[in-house]
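To keep things simple, chains are lettered A, B, C, D, E and F as they appear, and every chain counts its residues starting from 1.
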């Protein structure tokens, strides 16, 4: 019985680790491939965050299955990352925008409602 | 692995020294930071790598990593931090006061 | 526990420094407090010196961790004698400080930095642990950084950066070298390192490490070709700070060289010590040339640090008990006279309104006392009898000649002449000559400056004229250094 | 004798108190007590039954330095000379120096000098002798610089000090070697071991070093150049130090060591060669001087050369003659200086071209001068002591030892001719001196002061000396057996019995004297016609110019050398330091065969660690190329975080934690401090500079790596850490061994690490706050 | 709400005393019993039953996670697409939420939604500017989602 | 089974290192500072993952602190960096 459970848990570990790592790698590739800082933010905040959560869950399960350790701090770490990632992304996005980075566009026409509204305000 | 780490630490020293030989304060200070990283890595390496568990005693574990280099590095990290912080503020003040961050222009003459 | 004596010279200034930070704004209090505590500390150290002289080295195993596992503090004659000299210099400086510093500088923790500098220096002298030596180096360096940037204007800030950078580099080289040494001998306790190095007769890698350590300490000690950083940063701050630097900082480097190359790395002397002798010769030459190169009186004194260090290194390099005795005698003498000279040129520059020799003349008409103090200092510096410089030089040269290093000894003599020329110029061009009527003499300030200097010169004369009271003990240290087994046994107690 | 030596200094201490009354009583009267007392104290030693006396006072016994005084014939001669002439000079100075001068300083220096001089001649301990020796230089320096508002004074003072201290230091070196070889510091004990010294490998060096001391002090060619400039001192000083006493210290030294050195032929070559050269050069140069004191200075140089030469001959007769001439020279030269001073004092000038015909205005001085100069010129009159010694000089120059080396043989042949040559010029300048000043036409219009005879007080001292000249001239044997024979014996080593006769017979020496007088008169008469030969030695080539050049260059070249590397550039400093470290360490590594390569004790290599290493390396390298400051700082952060990761990988969680926090704060601080500073610029250094930087940095990194690998491959001992692991819990009460080490076993490290951080905080606070205050003001 | 939590805790501890077993399990039992009690007596206690709020929170978190998963798959698709055929841009999204806390939650949720990333909030707190990977397809779709989010957040906070 | 986990962990480790290397490229390349910030943030997250993997490798919970700390510092660091890039200050001051 316990062996089966352990086996299943191990499978879980492997699955979590692999998917997690896959997402992390994808995020990095995204950061390389995407054309501007905003699109890169998409990649890094989302894929990397999830990936890391996957790896951590894998580690959590592993430590529980192999050593019977329930590591609260790991869970805390996951939650923390999940909660903070979008905030970080928002902050970087805002910083990028206010430091004048224009969003990339496929046809050269920038669609930027924010910049437009700022320009309007200035005119007023 | 020790050899690779020695090489890495050597690379840190190389890049650190190269930066140290530049003119701009920022580069120079970055150089010192790299050198201290290199030094710490050397200490760690000299204590042999991966020879056991982290040096936190647990029942049933016989082999531990050498704790002494770790203690020494810890002391050194804190000290380097203090020095680097001071150096940073000093560099900032010096470049503000002298109007340049180019050390080559901060040679001075003997009677000032 | 009598062995706790060893920690007092470190702890007293440490506590004093911390407390001084607490009421740093109350200048009147903090001045007297600092002066009193310096005197108390000196008294304690004097007692320790007598105790050690009577009963032998005091070894403190901190936290009761037996050597070599814990950090040991070793108060032997060498370290305590140097700590005492440090405190004598400190007395002069702490009484000079209120007259020389402006109140802003005093308020901004001068006295704290000052005490911690003493802490660091004393700690470096006393510790028996190589890594702990690094830590104390950092304490004294950090305190010196604090002092050098104190109230920094353009020049000071500029020179401080260079000073910090070079020292930072050499510190990092130091820790790395300690790591290498640890890898080979598996310990950082100096006595045990010495024992272990002796057991394997200093294999090649150990000699290489020894040379690296030499460069670490040599940079701090300002030896050829490592001294470039020293002169200008040393004259940038207030004279009292220059005096503390000139008297103490490089000397810690010299002390470390003496310790390490008498205790630990003594088995490949054909490589190491022979090398030192020639480095010493070059240091003597280039230092003296440097001192002659400038008309800035502060810079002249700063450059004069270098040949003095060359003399001491010569004493280490010849590796005989006479050489060590001379090096130590000279070291003690030099700590005192360098402090006196820095304080003096500081006072002169302050009173003359310039440190450019070409712009001063006839000062002796206004400030005769300072003039004569300077005159005497010049001869102490050049090693003219009967002052302390002479005794040190005599023993050193004897040591060098005993070791058949005649050429280097003669270089030493030649550099003495250049040294004399470099400082007597200041007397001739600055003090002699027609009275400069444009100067409105500040007699009171001059007296205030002169007293601490006279205090130091008193010791210099005492060490010369009263050499008989000191020499046998210092000779004892020289012999003690030639037998490292004594140190090892007193620490490891086998 | 201790008291006698230090009496002048003791007296000097009271001078400042005494000078309060100086308006009423001249300080000089008080000072006079010292030399007079010493003179009287030593006078009783004169007599035929003299035996050397030694007295010892302990000073630094453990260094074998003691106040060991030794009074033999040699030191007796000098002590009496110093105290005797000292008394006369002091007396003379009372009238020479007005009370409006800074007399207290003058007399303090003078007393200091007396002590120094007594010390030099009485000390048996080489190092004490050296000490007093330097003290004579110092006091001479102060006396020459007495009127230091004059540029020439300062110049002369420095010159004399540099040259004499140079010699002193050299002599000191010789003394140290002697003391090492003989294991004693007593001169007498060294003399007893003369054979040991002579056979030593270092004998040549010792000889050279000690002779350098003697030659500089006694103004021997080419070190004589300081003496003419020393004439800037007040005339009493010139008479005393720079003619009668201090300059004879070198003679004394050579005499003192003659028992040791004369056993070697090089002693003859050097001492006689230099001596005779000095004689010739000094007398030759004296003729072209126009300053009275200048003539006397060169005259002194040449006379000193003559004495030196005789000491070098080393024969019994020569030594006797040398000793005799020391005494004679002191008498006539001392008096001549005083007269020159009188002339200066009374006429306001010493320029002989502006003087003339003073004999009618200053008859006493003129008379004295005639005796003095004629004695100096060794005119064969039976009442002039100078003639006797000159005659002996000629005699001894003909009776030299046989020598084996060719150089000494050549020298032996040349000496008589050179002696005559030098003596001719001596005759010429002597005549020029006395006739130029006192005879011929009066040029009163050229004098600043209307001349008249000096006050009697000023004349007493020269009169006494000239009386000495005449008395010795008439009764030379008066001073012989009771006095100078002891001196000669002390130098020669065995009794020197010699009667002094006026008439030796019509032999070679007398012929030489006649030649001297004959040619001398001729040359003196037609001096103006041949003096153009001096232009063959243009001033530019003189040794003075060499000195000036050296002194000037000592500063200029030093500045050039020093400025070439001390240019304030931190890059340059670092580069030089690094190169030094590199060269030396690699060399040592190579010669000690320190490199080691042992792969048996390595941790397993894993791909990810290698990759981390590569990432860190790439990041580190890219700090060099990046141009954006924030980017550079962030990359530095990457390296730091990478290191933290390595700490994680290598089982050091505590380190990782600390590194993370520290790295983050550091990066933040970097950003904070460098936000307002300009962005990174393209590196503008030249290609060669870049190459140098690159080579240095790569070599340095390689050095560290190589040493690290070697150190790792040579683990020779067990680590003390095993003990920590074993005892951490038991004794330290903690299971985190690193923590236990930090807070317990190495608690001091931790305490002071915190101290370092605290100081840093205070310093940073000071840096920021002090600026704010300054800006507020 | 605080009162309810304290009451619940007190009940749980009281239960432990009553049961005379001091373990996590008995504490949990007591806690559940307390919660039930509070639920039953909710009419007599001021404020709404606090666990409903907790439940809503959990729902919000689940929503959060769901959106996260979806958005990640989207992103990965974009990452590996050979051609850059998306049309990114920034658009404005008006919101009714007022407090900083609420807006932060909303922007975070939006950031985790497929294809969108909040970039800024206007000074007046009434408009959120959002960067979209594909502006044409998302601009309408987001309107619907926004209301869901706003409701969910307001349920938790108000 | 454990060997498989070991292998998987090792592979994951390598992959993440590669991922960090890619991000490093972005840090160096930029082109804007916000780009660097993004990449740096991602590197931080990668580091957390690595620490988690190491924890699996040497089977210890001692690294949990490290993981959590990286998370916290990363968040603080990113926020600070973003504010810095926006305004040039990290801590708002009243003056």
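Just so we're on the same page, a contact is a pair of C-beta atoms (placed from the backbone, for glycine too) under 8 Å apart; a residue touches a chain by one contact, two chains touch by 3 or more.
Here the structure is a predicted model, which is why all the values come from computation and not from measurement.
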Subunit B reached from subunit A - shortest hop count over touching chains: 2
Touch-connected components when subunit A is not counted: B, C, D, F | E
Innermost chain, taking as reference the mean of every protein Cα atom displayed: C
Chain separated most widely from subunit A, comparing mean CA positions: D
Greatest separation from subunit B - chain, by CA centre: D
Subunit A and subunit D: spacing of chain centres that average the CA atoms, whole Å: 80
Subunit A and subunit E: spacing of chain centres that average the CA atoms, whole Å: 18
Whole-Å gap between the CA centroids of subunit E and subunit F: 26
Separation of mean Cα positions, subunit F and subunit A [Å, integer]: 11
Touching two or more other chains - residues of subunit E: none
Where subunit C touches two or more other chains at once, by residue number: 131, 135, 138, 142, 145, 149, 152, 161-162, 165, 169, 173, 176, 179-180, 182-183, 188, 232, 294
Per-residue multi-chain contacts in subunit F, two or more chains: 16, 18, 20, 33, 37, 58, 62, 65, 81, 85
Chain-chain contacts as defined at top: A-E, A-F, B-C, B-D, B-F, C-D, D-F
Complex contacts: residues of subunit A adjacent to subunit F: 6-7, 10, 13-14, 17-18, 20-21, 24-25, 27-29, 31-32, 37, 40-41, 44, 48-49, 51-52, 55-56, 58-59, 62-63, 66-67, 69, 71, 73-74, 76-77, 80-81, 84-85, 87-88, 91-96, 98-99, 101
Subunit F partner contacts - residues on subunit B that touch it in the complex: 53-54, 56
Footprint of subunit F on subunit D - complex, ascending: 606-608, 611-612, 614-615, 618-619, 622, 625-626, 628, 630-631, 634-635, 637-638, 641, 644-645, 648-649, 651, 653, 656-657, 660-661, 664, 667-668, 671-672, 675-676
Interfacial residue positions of subunit F with respect to subunit D in the complex: 10, 13-14, 16-18, 20-21, 24, 27-28, 30, 33, 36-37, 40, 43-44, 47, 50-51, 54, 58, 62-63, 65-66, 69-70, 73, 76-77, 80-81, 84-85, 88-90
Subunit D residues touching subunit B - in the complex, by the definition given at the top: 567-571, 574-575, 578, 599, 601-606, 609-610, 613, 616-617, 620-621, 623-624, 629, 632-633, 636, 639-640, 643, 646-647, 649-655, 658-659, 662, 665-666, 669-670, 672-674, 676-678, 680-681, 683-685, 693-694, 696-698, 700-702, 704-705, 708-709, 711-712, 719-721, 724-725, 728-729, 735-738, 741-742, 746, 749-750, 753-754, 756-757, 759-761, 763-764, 767-768, 771
